[in-house]
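Some structures to go through are shown next.
You will see subunit A twice below: alongside subunit B first, and alongside subunit C after that.
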Partner chain A sequence: MKSLKETWWRIEAIAGNTLVEALRQRVLNVIFLFGLVLVLGSLFLTSLTFQEEFKFLKDLGYAAISITGTLVALMGAAQLIPAEIERRTLHTLLSKPVRRYEFILGKYLGLLGLITLMLLIMSLLFAGVLWAKEQLGLLGLPPAESGEEARQMIAAVTAQSRDLNLLQALVLIWAKLAVVTAVAVFFSTMATSTIFIVCTTLLVYFVGHLQSVAREVWLQEIGGSSWLKQGFLALVAFLIPDFQAYNLIDEIIAGNAPPWAGSAELLVYSVVYVAVLLLVSSLVFEDREL
Partner chain B sequence: MKRWGRHSGMAVLVLLVWAGLKVPWELRLARERSEIMYGAELPPMSMELRDSLGQGMTLAALGGFRGVAANFLWLSVTTAWEEQQWTRLRALAEMVVLLSAEGVFFWENAGWHMAYNASVSAERFSGDAERGEGPRMRNVESMHWIKQGIELYERGIRAIPEKPKLYEMLALLYQQRLQDHEKAAHYFELASQKEGAPVYLERFAGFALEKAGEREKAYAHWVKLWQSSEEHGPGPRRWGMIEERIRKLEKN
Partner chain C sequence: MSARQRLGFLPENPYFPNFLSGREVLRYYGKLSGLEGKSLEARMEELLELVDLQEARHRPLKTYSKGMLQRIGLAQALLHDPDLLLLDEPTAGVDPLGSRQIRDIILGLKQRGKTIVFSSHLLEQVQEVSDRVAILHLGQKLKEGSLAELLEVPDEFELRLPRSGRSEEELRKVLGAAGWSGDEISIRSPRVKLEEYFISSLPERGKAEGRKSG
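The block that comes next holds the complex of A and B.
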């Protein structure tokens, strides 16, 4: 029990240090600033469109949050772990009673903490943007006291901006980013080049959105096509996460209300995926010559 | 050689075990997602769609930003509408609804462009009047676009069966473009049964039945509405109007 506590303290210390270090990174701050501008800018971009501005606003706002989070996850993981090896600070750290898996877990949790913090700030800003849009929308409507029709119109506007299901979409974005971060951490345990880590993680990210297609084709063509093609498709299906699963976010943004049970299962899938990736990362890192 | 040692072997083993578990799990998640998003199993993004989209749009769609890609494509739909390029509009609208099948807005407006804007434009301008083929061609072409609108609404209803809007739009299409009041009544009735449906839809179903000449069905509809509540005071359900319809039908 005591050793478990001590392990947790060490992980916590590394995570805290990673978070502070990441907050000082200029690249990550610039990406974050870019994200904030994108979220705010979505308020003005919507005036380009003809109708249903709320859908466009939500799509752009959530895309901004998602893109920023992905970039932070990529750059964060690609910079922070290789930098420790390059600067040889890792040697000092590992000469203390710190295990390699504790280092990996601490780094991951620190990065996840950073992503969670950024997600929260951007979500709050986006809530403000939605509120502003709602107020602008209500300006042109007759007051609620003027009749049932006015009340229905007001209700239609507020239903769009105060949709609690949007929280569900945020949770799913967070879960997806947690998996992307774990993928980036996995690659950073094998490589020291930032470009290599960013490129391979991005590759997994894009292939992950096509993984379900590869899986379907593989399952349909078992025994039917060349072994090379089947082997490749099976490899994609087995090794790459299914990022298409997170498309439920689109459903929520469109104003539909998918059951929370579906999102909860996706959350469990993400947690298990992250756990597997971190376990594999720790095992690979154990064998790595520093 | 420490680089690929015992731990790396264990890592491969963990990955293999996980691979065996994850594929069935992902299949189940994909099935559930398809049912929620499309009401039926559809491929996540067909090859034809990928061929039709530009590189940027494909990248956006593959990056998980299908909604954003659909929004920007919709701007082209609006341009095609302004330029009255109906065939282009139809092709673009198809891409948009495939990218974002969960959005009522796209189905609703794509169907409206077809059944109203494109078909009315065809009614006015298509066919070579000098060769005497004007009226015939105009009807054929107008009907073609109306059918496109019906098809879009029906597919939209299959994709989002729980929302009343597309049932209402289909009912209005049958009523206004085809004067088929019986079908209009059927879809108004279906729309009124959906959660969050505006209360006027239940009355629209009654009026459509009357227009269709279905007096008995209309009478039964109004009586059913009247009996659906014990409170008949002022309010959005407009009991006075319902009572008036019942009395009128009883008189005749």
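The block that comes next holds the complex of A and C.
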């Protein structure tokens, strides 16, 4: 019990240090600033009718949050882990009673903390943008006292701006980024080249978006095509996370919100993938010559 | 794991997260060594004082000189109060003042009963602080023993006397009368070490500043 507690302390210390390092890094701060500007900018980029306007605004805001988060996850993992090896800070670290898997878990949790923090800040900003848009929209409407029609119009606007399903979408974006980060951490346990890690992670990201197509082909052709082809498709479907599944986020934002069940399933899927990736990362890192 | 808890290690050219300040590095490595809270903070202060870095404690490590990095490295290795210290080239690339400071710290630790194993190319320094030395060449241990065993020339004397206004001739005469022949005797004025001379020739202010930045 005591040793488990000490393990957690060390992971926590490494995670905390990772977060501090990330926050003092110029690259990540620039990306984050860029994200904030994009989110804020969405306020000024929309001048269509109310209904379209809110949809466009949400699409834009969430795209900004998602892209910024992905870039931070990618660059964060691809920079911070190889840097420890290249700058040999890992040597002094491992001269302390630290196990290698504690290092990997600490790094991952630190990055996850970074992403969580940035998502929170960007979401708060976006909530502000939605509120501002709502106020602007209401300005052009007749007051609620002037009749049933006005009340309905006001209700239509606030239903758009105060859509609680947006929180659900946010949680799913967070889960998706957690998986992307785990993929990047996995690759950074094998290589020290930032470019290699970014490229391979992006590759997995894109293949992950296409793999549901591959799976459909596989299911259709079962029995029809060669076992080699089937085996390959099955392998891809098994090894690479299905990022297409997260398109649920777009559905939620568009207002075609499916029940929470779909999201819960996706969350479980994410947790499993992260756990497997971190386990494999730790095993790979354990044997690595430093 | 339990071995690492009793061991303090300073690698050659130690690398620490250079975006952290001296204090932050000690706090981070202290947590990794299993220390926490008030006892960690107290230990940090103690060590910052020991390695004389109190004034630089809030500066990021990237502004530290080589000697300061070695000293924070020593402090880091001492956090969990290990019995055995392994130091790899603790004074390599450090200026004379800085390396003297490191030597003084090592001597202080020795007095407190720590076992310190270190490697060095600077043989003169090894001679100053070590009890036992081993000579390694191409991965093979060639010699090992205490300094007295290895270096003493057993069948000779070395004598140091105040001059007291007398000449070399007079001394030779005395020794000759006692039976030593002239070519067995070598007499010269002793010299101070270059390191001592260097430090004594600095102005007082320079010494103080050297201590801060060394």
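One rule holds for everything that comes next: the second predicted complex is superposed on the first by the 280 of 290 C-alpha atoms of A that agree within 3 Å, B and C clash if a C-alpha of one lies under 4 Å from a C-alpha of the other, contacts with A are read in each partner's own complex, and residues count from 1 in each chain.
In this text, a contact is a pair of C-beta atoms (placed from the backbone, for glycine too) under 8 Å apart; a residue touches a chain by one contact, two chains touch by 3 or more.
Source: prediction; values computed, not measured.
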>> Let me test your reading of the model: by the given contact rule, A:D242 touches which partner, first (subunit B), second (subunit C), both or neither?
In response: first
> Which partner does A:K96 reach: the first (subunit B), the second (subunit C), both, or neither?
Replying inline: second
> First (subunit B), second (subunit C), both or neither: which does A:L167 touch?
Replying inline: neither
> Looking at the overlay, what does A:L203 touch: subunit B (first), subunit C (second), both, or neither?
Replying inline: neither
>> After the superposition on A, what does A:V213 contact: first (subunit B), second (subunit C), both or neither?
In response: first
> Is A:D250 contacted by the first partner subunit B, the second partner subunit C, both or neither?
Replying inline: first
> In this superposed model, does subunit C or subunit B come into contact with more residues of subunit A?
Replying inline: B
> Where on subunit C is subunit A touching in the complex?
Replying inline: 1-2, 4-5, 7, 9, 11, 13-20, 24, 28-29, 31-34, 36, 73, 76-77
>> Can you tell me which positions in subunit A touch subunit B when the two form their complex?
In response: 48-52, 55-56, 59-60, 62-63, 66-67, 148, 152, 176, 205-206, 209-213, 215-216, 219, 237-239, 242-251, 253-256, 258-259, 262, 265-266, 269, 273, 276, 279-280, 283-284, 286-289
>> Looking at the complex, which residues from subunit B come into contact with subunit A?
In response: 2-8, 10-11, 14-15, 18-19, 22-23, 25-27, 29-30, 32-33, 36-37, 43-45, 59, 61-68, 70-71, 74-75, 78, 100, 102-105, 109, 160, 162-163, 198, 235-236
>> Residue numbers of subunit A touching subunit C in their complex, please.
In response: 6, 9-10, 12-14, 16-17, 20-21, 24, 87-89, 91-93, 95-99
